[in-house]
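The following block contains the structure, expressed as structure tokens.
Chain lettering (A, B, C, D, E and F) follows the sequence in which the chains are written, and residue indices restart at 1 in each chain.
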């Protein structure tokens, strides 16, 4: 049964964050392999696998929170990508980030918008179509 | 036209935050009446009135952000109420707050849950249904 | 095996936080019972149960972090109690909190010291020695 | 010469924060008397005694910072009082706090304004003239 | 009248932040042009245009706040430049940032000082006179 | 006697932070030489020189706090090095940082782990033995 939780978490991580998620996991193998496991199990195996809230809403929530906190740029970028992966549009992501000016100030929103531009540009290069 | 912005903001504030919103506005009249006007105009007249994101998503975003920041309990409570007002269910609010344990730690999520319980209890007394 | 993790977490929670810990768990039953389970499983069943760092050091780490963050007073108090429970002395707790003036400013340290005084006083009433 | 630093700091603390400052110092005597000494020596004996910036500007800086951080309400109130003591007007304090909506969000500014109202009201009772 | 507010904000932005301000505005055109407008209208058209506090004090307030928050380095640099533009001296800026060690810790003050050095050096290259 | 405090602080800074500490001091000479002195005197001459808590525990406390705050990466790296210097093992440092996922969220812990990997790698190059 713990394997179930791990497998469920890994599938959910790949569904949401795609390659960016697996890169985070890989990057932990030499420094803290157990933390890679916890990251799969608790956030993705437990929380994101809960049925009570759709993934679109969950990604809106995390983009909002990380923009507002303003101290985790790499993770914000991963989740802007995650939001796109689960169907949040670019315009909706921009709306969420702009809204954070109200709750965390204009600098937090500006830095969130610049992160979004970077992610959008990287996507455009990957999928130029 | 500035009056339009103000009127639109006031209507939006009432739609989202209801009485709790007008109480905030009233509470500013003696100390900073202009700030009451800004609060109506920019967050509600400008941001919340934008068509690009539904109010449900906006309230999910703000509940997430204020839970994660952990330093604005009164405003978190107002927006938990606001989320209920625009159709986010209690269970969904609890999901958003629990998810913040991943991004801002368990204490932030715990304090968010206790805020939600307070708001839910106050609602139950008002609408004993 | 998930039951093992839960049981191990619950034992660890009781070892560290004592009654204050079980009060937190109980307080979640009506609002978010699953979160009570996660709180037992991940922080206590996974992290605090790891052999690589003694509980004394872990409680020093959390008292430092929560003092520095300055936005989770109830949890700081629980962990000041937890630090006492695992053998950190009052003087050592005061040292850790004072040290946080260097990293998070004097207000954070002051509020940490006032939290410590409250916990120490409550202990003195329970164990008037 | 260390006594000089202490004496200079104590005089500066009294000049800026008045009774509220000495209350903070007194409140530390049972829990961390050395911290009371550090608080007098470093912030007030070293920093506030520097000639390069007037006290008015220093109190504007600290009211801005503590409003923006939003996690040190007691110290914010002491320094709103300190700002009044060194000649910043109520209107100027309100301006500084409102400005923080831009940098730290509306909730931080709102909570700062409510702190200011409390300090202003307490002053009005002390000096009803 | 909304045009007035925009024009007033743009003039104020240019007065305070100079070229660095217009660069921020330009950088938003592809990702969130409406946010560029809000940034001109609310912070600069509304707040900075208020007569109740001089620009020198306002820039001292924002340098203090962004140093203390420690999570918005680009905006801190823009406003260190803005402080110089409205007549705050380098020495006064350094005083404000050093003072933040008291309220937000030594790391926040150190990172603020390093930001100031960068801005001062860039100015020296532009105006080598 | 102030010289004693300075000398004691400088010795303690070198004991804990080694070359990384002196580099910080040197980097302040052109922008804020007095701040270099304060940094030696208060954190190291006063706080770290106190007998009530061993240096191992102090470095665990600061690694925890800076990981949790998440906005002072350069100082976190200096103190991960400092922790190694006073006998905290790499595994213990990794444990402390992982534990912060509980109190400040997974992004804070991830960024702390990446900082640790960088410090560990730099050490391996200096002492390849």
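As a working rule, contacts are C-beta pairs under 8 Å (C-beta built on N, C-alpha and C of every residue); 3 or more make two chains touch, one makes a residue touch a chain.
Chain by chain, the UniProt names read as follows: A, B, C, D, E, F = Carboxymuconolactone decarboxylase family protein.
Here the structure is a predicted model, which means the values were calculated and not measured.
Shared contact partners of subunit A and subunit E, listed by label, are B, C, D, F. Greatest centre-to-centre distance from subunit E is found for C, with centres as Cα means. Here subunit D and subunit E face each other with the same set of residues for the most part; over half of the interface numbers are shared between them.
Subunit E and subunit F have Cα centroids separated by 30 Å.
Subunit F has its Cα centroid 23 Å from the Cα centroid of subunit C.
With centres set at the average Cα position, the gap from subunit D to subunit F is 29 Å. A separation of 40 Å divides the Cα centre of subunit C from that of subunit E.
In subunit C, the residues touching two or more other chains are 34, 38, 42-43, 47, 50, 66, 68-72, 75, 94, 98, 100-108. If the chains shown are joined wherever they touch, the resulting network links each chain directly to all the rest.
Interface residues of subunit D facing subunit A in the complex, by the touch rule stated above, are 68, 100-108.
Across the complex, subunit E is touched by residues 1-2, 5, 34, 38, 42, 46-47, 50 of subunit B. Partner subunit E is touched in their complex by these residues of subunit D: 42-43, 47-48, 50, 52-53, 57-58, 60-69, 72, 75, 91-92, 94-96, 98-104.
The part of subunit E that touches subunit F in the complex is made up of residues 69-71, 94, 97-98, 101, 105-111, 113-114, 116-117, 120. The touching residues of subunit C, counted against subunit B in their complex, run 24, 27-28, 30-32, 34-35, 38-39, 43, 66, 69-72, 74-75.
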